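In the two assemblies presented below, subunit A is common to both, partnered first by subunit B and then by subunit C.
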Partner chain A sequence: MSKVQEQMPTLIMGAGLIIYGLIAKSGALLSMTKVLHTHKTLDLQVTMTLVLGCIAIAGALLNTTRKSGATNLDTFVLRPLGGIILILVMAMAIRWYAEPVMKLISKALQPTLGFKIYKVLNLNYVVLGILSGVLLTNTWGIPKFAAEGVKCARFVLKMGVIMLGARYSFAELAKLGVYSVFLVGFFVLGTVFLVLWLGNLFKQPKTMTGVLAAGMGVCGVSATVAVAPVVKAKSAEMAYTIGTILSFGIICMFVFPTIGKLAGMSPVQFGAWAGTGILNSAQVAAAALAFNAVDIETLKVAEIFNITRVLFLPVIVLVLATWFGKETGQKLSFKSVVIDKFPVFIIGFLLLFFMSSMGLFSPPSHYKGKYIDVSYNDRSQVTPEEWEVLNSAMTAGEFSGLTETQLEAVTNLVEQRQIAGNYEDRSNKKAFDHVGRARMTQLQGILAAAKAKQVKLSGDVKAAIKHAVKQVKKKSKTVVTLTDFMIWFFAFGLIGLGMQITKKAITQAGGWPIVMGVISGITKATLSFFVVLWLVKDVVLN
Partner chain B sequence: MSDEEKKVTIETGDAGKGTTVISEDANTEELEERALSVFSSDRNEDIVALVFCLITTFLVLLFTKWLV
Partner chain C sequence: MFNHVLLCTHGTDGAKRAEAFIFGKLEANPELKVTVLTVLDEDWRQMTGDDWLNSSKTQTTFLDHVENQMDEEIAEDWQRIKTSHPVAERATFLQKTGNIAETITTTAKDLGCDLIVLGPWCKSKKFSIHSTRVGLKATLKNKELHPLLPCPLLIVS
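After this line comes the complex of A and B, so read on.
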């Protein structure tokens, strides 16, 4: 096959993306996207498709003219390009079309079924992405041109986790960290000892029991590979164990969100449960986003629990080495497990967390990228029309029912045309901010009183005050953009995860590992479900 | 290791790792080598992910904060 033929799918996808981008830019898709409720993403659709289309064509042309080598450009950009573009095209099609269509179908079927199928089966872009990956790989198979790109899914998923670090506050990380260490520590060690006990009960070889204990207790495949030499596991036992872990994890990934919804779990509780009960890092992210794809609260909690679980690996290796009576002088020492296996991506996660906490993305006092800015700023002012409305109402005595402090806040708003501190205090930022925020609270109080019909205000006045409050509540564009990138990284990684779920991977499970794995997995999932419901409260993220 | 040696193919199902082939009678040393190779590939992957994230973060900061 010539190089041009090899690159043809990438070239076609690139051209298709550019054509789509141009059609979207012309406004021809506006009415359709309004029906699908995706019209607000039209600008993003145009930018993404045009940029990706150009990258795809440029990369494909470079691949046809250039001799492939072992450079970083070849390894990380040019060779996987076809697969990366394919997954991104799938992700875009799912987010902008498949998910909205699913919502419309679900809504249409609601009178007949009596429930929203979209909600019960969590058919959001995450689940649809995984399912489409599974479907592709188990029917036509992964196309040859995309094979290298699919391998990027794992590290793109890690990029998502690293980016997630920017969305935690110190208090959240501290609270979640404490919860996760206790819960994960208890369940990881509990599962390991349960599997060891089951192995003893069913009279199974220590080699198999040891490797299964690590796999079911810590983090699936990585733990199995790390512990196999410690307990001298046989290759067939590894295959059985990995098959069991994968099958169990895949079932959990789809079943956990539905159970969580039926049990009425809060996002925080579900995140804690998924992070504790599911074995594989990618499957934890998938379940968390399947449960709650609208915001990232569940994902935030689940990832902290997941990271804690990953960090438990050296402890488990030590426990199993002691249990097995490992000989010394071998290549894989405890030190190498601690140092070589240390998940470097966690350092990245912490780095983003510190960058965010230092106020690099938005002021340090922000929460979820939102913050209040009462400093003098054109973008914080009310419009001239709104000012006229407020000024006329003030002159006409429309604010007579307000308290003294509320009246002072409105008077100041009219004087300064925005919510702010005292002009003379402007050099003392702390005092200025304090007064400004107090005035904002008073104005919010007026709106609440008007809503409760305690004071009577015209619609225009209420709208003007509402806008004034909205103007000082800023949203960090940097945090919003970083979050968008993160969500796309997860969408990409999870479609790739779906492409790795093959019939062969599942059917290799068997023998005693599947019996012991199912018993220990269900015990862990059930017990952690009740413990999480009992212990984890919503206050964690408040 | 002879060519006659039987191999076990393990589908790791882990995005990026895919299929791994290992000798049916792999000894501890082989398993250790396999584990160390997986650790090393994990580490490289983590470092690449970290570098890409820092580049993305820098570009986002450039276009949403420093250049506006």
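After this line comes the complex of A and C, so read on.
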């Protein structure tokens, strides 16, 4: 195959992106995007597609004319480019088209079905991204030109977690850290010992129970991969364990958010439960974003639990190595067991956290590092549930006691789903910003009036307005930019990881690993659910 | 009738039937050349699933462990064959890694085999508690294997 043929898919994707960007820039997509409620992202769509299209074409041309070597440019940019562009195209298509279409279909089917499929199955861009990755890899397979790029997903997801570090304060990390160390410590060690006990009860080989204990207790496949060489697991034991963990994890990814919503869990409680009960750490991130994809509160909590769990991994490897070594006389060095298994990206996460806490991303002019940002941003929106509360209250005439300007602010909040200026004025930043801030002031006035009992509003309505006001109080521009990138990094990483979940690996589930895995997994998920509801109260998240 | 047989085995019950049949023939016909082929499924590389936390070093260590483990298990299986069928000492044993259908047919072609022998297709016991079969569960698919065959295929049932 000639080099031009090899690069053809990347060239076609690049050209397609540029054509799309130009069509979007001309305004031809405005009416369609308004139907899909994605018109506020049109400027972003134009910028992203044009920039990526140019990069794709330039990279593909460079790959065609240049002899591929072992340089960093080849290894980290040119060879993975096709796969990176493919995943980004999928991510954009899902965020701007698949998810909104899913919402519309779900809404249309609601009268017939009696429920919204979108809500029950949590089919937001994160879950759709993973599913599309799984679907692609198990039907057509990963295209050859994209194979190198798909491998970048792991690195990109780690970058997402590192960027998330900038979103925590000392108080949050301290409070969440204490919760996570106790909960994760108890459930990780508890599950490890439960599986070891079950292995003993069912008279299963230590090599199998060791590898299953790590997988079910700590962080799924990652722990299995880390522990298998230490306990000298046999091939069938590894295959059956990994299959069991992958299957159980995928089920949890869909079931957890639905149960969390039915049980009325808060973002903090759900984050804590997902971070403790779901096996694979990628699926924890997916479930957290599935529970609440509008802002990142749940993700923030879940990732702290995830990170704590990952920090337990070297400890568990050490415990299992000692336990296994006792039987076999095998001796392993501290370096090979603990140091080599330490997840280095956590240092990056902590570095961003310290830089953010030291105020490096926030100019002194920003009061307490925050400022008002009424520009269009998905994360400034109220949640779909809050929007429905406000919309129903509006229809029911609950806002009749408000002044004309207050009513206009609420009406606009329902229309735009966030506090913002007028859509038509978005190119005039000053006027847009002025109107948006004025609406925020009016909404704050409504909350004050409700508190003084001058107007009567339900608790849900007050909570929705309060959340809308909170959503526009942003941290510094640098932190907001980091968060925007982080969301795309998570979407990219999770689509790429979805591509690595094969039917072959999932159908390996079986044998004793599935019996012991299901017993320990359900026990852990159920107990952690009740403990989280009982123990974890809301932590104020910024 | 046949001069060089490629016997593909991975130690399952079905494969054992194929072994017994071919080594019976080898005893009867000392001129027959038999190559025993065991393929290490390349899909083992996908068994790291959605692991993203581990460093590439840890993943390489895992894949090296899988390879060493499979080597050991294959060596044990070959020893079992030699113990069960002493005539197997005259056979050539070969281990290869790759896509199973492609590896079998390419090897048969490269070695100039005139017959490929397999055990019968096993019924998949996806959720059986007591059976943890050797290696990966995936089995050969006719539609993948048949178009690639360079010589006749014999399934010993």
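Everything that follows uses one rule, which is that the second predicted complex is superposed on the first by the 419 of 542 C-alpha atoms of A that agree within 3 Å, B and C clash if a C-alpha of one lies under 4 Å from a C-alpha of the other, contacts with A are read in each partner's own complex, and residues count from 1 in each chain.
The rule is short, and it goes like this: a contact is a pair of C-beta atoms (placed from the backbone, for glycine too) under 8 Å apart; a residue touches a chain by one contact, two chains touch by 3 or more.
Computed from a predicted model, the values in this text were never measured in an experiment.
**Student:** Are subunit B and subunit C a fit on subunit A, or do they clash, once the structures share the same frame?
**Tutor:** clash
**Student:** In the superposed arrangement, which partner chain does A:Leu78 touch: subunit B (first), subunit C (second), both, or neither?
**Tutor:** After superposing on A, A:Leu78 lies clear of both subunit B and subunit C.
**Student:** Per the contact definition in the header, classify A:Leu128: touching subunit B only (first), subunit C only (second), both, or neither.
**Tutor:** The answer is neither, since A:Leu128 touches no partner chain.
**Student:** Output check: A:Val310 vs subunit B and subunit C. Expected answer is one of first, second, both, neither. What do you get?
**Tutor:** Only subunit C is touched by A:Val310; subunit B is not.
**Student:** Could you say whether A:Val225 touches subunit B, subunit C, both of them, or neither, answering first, second, both or neither?
**Tutor:** So A:Val225 meets both subunit B and subunit C here.
**Student:** Would you check which partner chain A:Leu482 touches, where first means subunit B only, second means subunit C only, and both and neither mean what they say?
**Tutor:** So A:Leu482 only meets subunit B here.
**Student:** Which holds for A:Gln283: it touches subunit B only (first), subunit C only (second), both, or neither?
**Tutor:** A:Gln283: touches subunit C, not subunit B.
**Student:** Quick one: is A:Met355 in contact with subunit B, with subunit C, with both, or with neither? Answer first, second, both or neither.
**Tutor:** Touch status of A:Met355: first partner only.
**Student:** Let me test your reading of the model: by the given contact rule, A:Gln508 touches which partner, first (subunit B), second (subunit C), both or neither?
**Tutor:** In the superposed model, A:Gln508 contacts both subunit B and subunit C.
**Student:** On the A-aligned overlay, A:Val150 touches which partner chain: subunit B = first, subunit C = second, or both, or neither?
**Tutor:** first
**Student:** Just one of 2-10, 20-28 or 38-46 in subunit C runs into subunit B once the structures are overlaid; which is it?
**Tutor:** Given the superposition on chain A, subunit C and subunit B clash at 38-46.
**Student:** Can you list the residues of subunit A that touch subunit B in one structure and subunit C in the other?
**Tutor:** 153-154, 157-158, 220-222, 225-226, 228-229, 232-236, 238-239, 242, 246, 280, 282, 340-341, 343-344, 493, 497, 500-502, 504-505, 508
**Student:** For the complex, which residues does subunit A have touching subunit B?
**Tutor:** 76, 150-159, 162-163, 166, 220-222, 225-226, 228-229, 232-236, 238-239, 242-243, 246, 280, 282, 330-332, 336, 340-341, 343-345, 347-348, 351-352, 355, 360-361, 477-478, 481-482, 485, 493, 496-497, 499-502, 504-506, 508
**Student:** Quick one: which bits of subunit A touch subunit C in the complex? Just the residue numbers, please.
**Tutor:** 153-154, 157-158, 219-222, 224-226, 228-229, 232-240, 242, 245-246, 249, 280-283, 310, 313, 340-341, 343-344, 493, 497-498, 500-502, 504-505, 507-515
**Student:** Enumerate the contact residues on subunit C facing subunit A in the complex.
**Tutor:** 43-44, 46-55, 57-59, 61-62, 64-66, 69-70, 73, 125-138
**Student:** Hey, which residues of subunit B end up touching subunit A in the complex?
**Tutor:** Touch list, subunit B to subunit A: 8-18, 22-26, 28-29, 31-36, 38-40, 42-43, 45-50, 52-54, 56-57, 60-61, 63-65, 68.
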